[in-house]
Amino acid sequence: MERPIFKPIGSPVEELDTPTVIVDLDILERNISTVASFFKDRKAKLRPRVDLHGCPALAHMQLAASDTVGGVSVATLGQAEAFSGSGINDFSVRGVVVTPQKIARLCALARHAAVTVAVDNPSNVADLSKAAAAAGVQVKVVVAISTKPDRLGVEPGQSAVDLAKAVGDSAGLVFDGFMTIEEKLKVDDVSQLAAESRGWTQRAIDAREAAEAAGVSVNTVSVGGTYNYEIAGATDGVTEIPAGSYALMDAKYRGRRDGLEPAAKIMTTVTSFPEGDKIITDGGNKAVGMDRGNPISVEFPEAKIGLSAEHGNIGLKTPTQKRIKLGDKMWFTPWDMGVTANLYDYMNAVRGGRLEAVWDLPARGRYR
Amino acid sequence: MDNYRPAVGTPIDQLDTPCLLIDMDALDNNYAVVAETYRDTVCKMRQHTKNIKSPRLANMQIQAGGTLNGVCTAKLSEAEVMVEGGIIDVLIPNQIVTRDKIARLAALNRLGDVKVTVDNADNIETISEVAVEQGVVIGVLIEVDTQMNRGGVRSPEHGVVLAKLAMSLPGVKFRGVMSHQSADGWPDADERMRLSKELIGICLEVKDAIEAEGIPVEMVSSGETFSYAAAAQILGVTEVEGGSYALMSNIYGYLDEFQVSNKVLGTIVSTPSPNIGIGDFGMKALSTAAAANATIEGISGVTIEEVQDEHIVLRSDGTEPFVVGQQFMLLPGYQDHMPNRWDQYIGVRKGVVEQVLDIPARGCHH
Amino acid sequence: MERPIFKPIGSPVEELDTPTVIVDLDILERNISTVASFFKDRKAKLRPRVDLHGCPALAHMQLAASDTVGGVSVATLGQAEAFSGSGINDFSVRGVVVTPQKIARLCALARHAAVTVAVDNPSNVADLSKAAAAAGVQVKVVVAISTKPDRLGVEPGQSAVDLAKAVGDSAGLVFDGFMTIEEKLKVDDVSQLAAESRGWTQRAIDAREAAEAAGVSVNTVSVGGTYNYEIAGATDGVTEIPAGSYALMDAKYRGRRDGLEPAAKIMTTVTSFPEGDKIITDGGNKAVGMDRGNPISVEFPEAKIGLSAEHGNIGLKTPTQKRIKLGDKMWFTPWDMGVTANLYDYMNAVRGGRLEAVWDLPARGRYR
Amino acid sequence: MDNYRPAVGTPIDQLDTPCLLIDMDALDNNYAVVAETYRDTVCKMRQHTKNIKSPRLANMQIQAGGTLNGVCTAKLSEAEVMVEGGIIDVLIPNQIVTRDKIARLAALNRLGDVKVTVDNADNIETISEVAVEQGVVIGVLIEVDTQMNRGGVRSPEHGVVLAKLAMSLPGVKFRGVMSHQSADGWPDADERMRLSKELIGICLEVKDAIEAEGIPVEMVSSGETFSYAAAAQILGVTEVEGGSYALMSNIYGYLDEFQVSNKVLGTIVSTPSPNIGIGDFGMKALSTAAAANATIEGISGVTIEEVQDEHIVLRSDGTEPFVVGQQFMLLPGYQDHMPNRWDQYIGVRKGVVEQVLDIPARGCHH
């Protein structure tokens, strides 16, 4: 567990123990409102993807903004269980659930919440049905449509229709529609990524049309994310967008998504200043995260950032003229906040430079 | 956080995956190698707990032998966990600079001997002030930069200035010098010895310069897993800060006396084509560093095709077709990040759970 | 933290590691429904008192039952903070908040949730007003009416009216009404206790009438609990009942409250059986709790229960004819489950003898 | 749980109340008394961690001296916390009976020497079976009932039968006998000695009977805080299981060499009449046992009128009128339950925070 020095509510942010996550509430609220206003009066609705932060307080803020489906999207059953303990009661699991242990957990959760799970395999459908029927619960099932060959899901053609029918014929299961399980691509150009993703959306739409042509009615088509929510959300036949990054935002989207800017940053402390062009901080890879790309320094956005496990290294092109003292704070915007949030047990919610709330992240580390 | 504590004796194939395993036989082997290596040397192991984040694992090495009965930790809060874990001799090879944190370091020195490295005069003065206020003495070592380009003095002269300053101030006790360097990626032991000598030599130059001023240098803390054998043979080095050797990583595979003991157990959840298996964990549970150079055990002929956030895509050469529900193990390329992402190790021996070990220093960023 | 041996969802309850809290979901749901049905179509509404369990999952079940005020009652700010992280957003704090540290926390919480706090002192009103106005938040304030002299609160006469007016005139504060902060009395006879409590209710009603006579409008009058909810809830002028024990129930009310029975029990294991009339278990005072009275043995309801710190001792009047083995399970109904829940980090929710969910208790130990 | 970690150096009057304090000077005194008492005796202290639930506090007594470098714990999970806390020699003076738990006990014996008490033949057989399965040896002591009327054999004959059984089985090692008794409430030291001798004598009879069969009895673990001085002088007792002396309780005030070091800091939040002050904590934070015989420090002339669930009602004799916002401290009648209800101790010395100590074994019921 994190063991920070406690600072009272109302403390100036610079007095907080570092390294730590700081969430600017004003920016967060603007981000949430930007996305909420897009979905206003649309057919497609938002389903906040909350595994990107693991924080029930934040999930409830996202759900309270209008025009969501009323539930959240998670990556694992363990995350759903954690959020279920915090009053969220509608989950869509972006994955398949195949082992007996997990199927038992899924059915137990289905007593307390609406649960949707994906399938891509007929024998899994049989296993789910048997367990759900025995438990006396109903599980909503979507057929996963792969984004390309050799990825999770099935092709949108006959096999998708067959699976849909198999679900529909199974006791304890309710066929709900189709879902793509999209991996974020390393494409810096959001518009290029959006263009590429139209293909994924189209596969889900194709599946919908094939199913409907076969007389199977389709309630849900879930595709896309923060990177393309306006496109996917405006596409006929799409019903929900599992977007999550929009709330805390990532450096990777910085300046590339209108009305959204980074609300979460990591505050670190200068621990060594051995040379004029090199600032060492207490926030290394384990605290700032760089699985998907390097963070951006707020004070020195052009600097080369090196993160060893426990140290941050801000490499300046030329020695700085600023007076740098040990103890000064240096801020970083993580490249991918979803990766970084998973390193912490809590986040500091700050407004106007003062601590306003401390939010626990009970879904952190719930990989099971 | 997760709180998964399967009963002792549970067979692996009944575990709910993914889980972070420790192969206890492999761990015992690694600890025995270190115990043997340092049995008769002056230089001893000071295990680095950043790789394990568990005082129980650190105490196991202390019991096995080869150590100076102490550890080093990356952070102050990690040091607290180790002192609470009964380990009194701790070195923090890192800078502690804010008054809040120095006060906490001072308090910890009532319970143990918790030393810290310095590279800055202002910092030494602040440590002195706070220690005097609290009525304790804090040991300091001069950090020397030999290669890493982060903290550390850049010259023997600067080292001498700081050592003299530490000697002159109340509340601090000058204990020695410390450096960290990276001689990994050198499978050739002779080349590792040459490089270790060269880099650690920079630290020893600072030691010599300080001693030339008549100041005794008690500790020279240098060397890591990749130089653990070499450093023990470099005259003047008193201790080695090895961390990776305990749980090991594929990239240090050339140190073939150690075995990879830290593995992620997963389950195949989908086989979109016969030679593709999709596993139930991904980058969040691993880190880029763990994923790079990772290998797969438990299913033959398998390579890693892609590591997504929450899934891993495996490719089979056809030797053993994937089956939905089958388990596999991932051996990490680089292990260090994983205990910072998981809340429990499941210790297994001969295919069953032997113990569940908490990771209490997970998240100890402070 | 508790360190139990993990058992999968679906496990038979007898296989769970002991001592541990077992909640029978069928009974829990009946209890919640019993109380909800009383409040249906009444003017007075339920405000579930959630400090008696500390469990957000359970709090959300209580709120989802119809006819609550939409918020919960807590004893401390720390409990409100914990539940706030789990999506509860309306709190009534059954106490006064006087120190600068706590007033800062109160105002920060008021940005994220509706918060009602009690006052019994004019200078506290001034402190709250100053802080709320500076923070730009609104805090709802009720005047605490004491249940008898020398207890928290003021007399229902002129001093209550003066305080109400002072609140009404204060920036940042909204006068909301009156509250009694009732201590559970050690009265085994519920009807006698109910009779005594009519006096307390009357004091709050008196305060309401005095305030209204002075032209101050009163929104809320909060009195009573599980022991008298039907009486208090049917009394003219009462608007909310902060009842909580009804959900998990206590042995002290056993058979004394229609439609309510104990849903939470402690399961322990026989560790020694040294004599035929004495059974020793692994559940002592630290695990079963006896601050307010002795627990009842389920298997041997007439037995004399002795709890040392770490051992339970079931003293039989005569040697039992049952075959008792080491490892057998012995169940206890705590006298006061509120005390017992505070000893645990989680509860096992069970249905039909099988584990269905594990609920975290994040508000446990939040005395601050 | 709470996670309150005020910065070291914070003055008490700036703490957010209520908090559970440790007066570090008083604790040091208590630890020094024990270190001194057992400095030259054969019998040593084996501190009971049920009263402290913190390996850091246990390690402090081990460092101070007077102990056999081990502890006893009420529960198996508490023993795990202590082994993780670097304490290898642990006795669980309690019965562990389910196979799940025995397997966990066996696993723990790979890391430490964790003994358990038994009073039943079936239980010894199960321990033996599981230990053999796991390839470890578990030390067992026969528990003797001398007064408490809970676990324990009721006769020397039964003790001999069980000792012989333990000697005959693989995977278990017979180590000795153990008893717990309560000689508290006897301010007269001579009377405490007489009563201790009488009760512990029952345990020694079992020892003698076992030795008469030619079975060596290595450990006799008897005696508690109230008999700590007496037990050390009873020939044959090898160790004393003292717990209360560390943080102390008002009801043991007759042991005036020890000081109450565990206190609850509160704030007056209401003064309905000049001589009544209402404080911001109650029974939930204390327990009935802590509330009974509790006293108040910090405001003169104050007695406890009523302990409600979440508030405490104090009455003043008029010496010092109550003021809303003022702080006070409660000294518990009986301290044992409080560390099971709180998540942190705030260690204070001379009015400021010296260290924040986690209570990791809080809730270790298993």
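For clarity, chains are labelled A, B, C and D in written order, and residue numbers in each chain start from 1.
In this text, a residue touches a chain if its C-beta (ideal position, glycine included) is under 8 Å from a C-beta of that chain, and two chains touch if they have at least 3 such contacts.
Small disclaimer: the values here were computed from a predicted structure and weren't measured.
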item: Most remote chain, CA-based centroid, reference being chain A; value: D
item: Contact-richer chain pair [A-D vs A-B]; value: A-B
item: Chain A and chain D: spacing of chain centres that average the CA atoms, whole Å; value: 47
item: Computed distance of Cα centres, chain C from chain A, in Å; value: 35
item: Distance from the mean Cα position of chain B to that of chain A, given in whole angstrom; value: 30
item: Touching two or more other chains - residue numbers and ranges from chain B; value: 4, 7, 16, 100, 104, 358, 360
item: For chain A, residues that touch 2 or more chains besides their own; value: 3-5, 8, 101, 362
item: Of chain D, residues touching chain A in the complex; value: 3-7, 16, 358
item: Chain A - residues contacting chain D, complex; value: 3-8
item: Contact footprint of chain C on chain D as seen in their complex; value: 1-2, 4, 14, 16-19, 50, 74-75, 77, 80-81, 94-98, 100-101, 104, 119-120, 122-123, 145, 148-154, 267, 269-273, 276, 278, 280-281, 283-285, 287-289, 305-306, 308-311, 313, 324-325, 336-337, 340-343, 360, 362-366
item: Complex contacts: residues of chain C adjacent to chain A; value: 8-10, 55-57, 59-60, 81, 84-89, 101, 104-105, 108-109, 111-112, 351, 355-360, 362
item: Partner chain D, residues of chain C touching it in the complex; value: 1-5, 17-20, 51, 75-76, 78, 94-99, 101-102, 120-121, 123-124, 146, 149-154, 181, 183-184, 269-275, 278, 280, 282-283, 285-287, 290-292, 306, 308-311, 313, 325-327, 338-339, 342-345, 362, 364-368
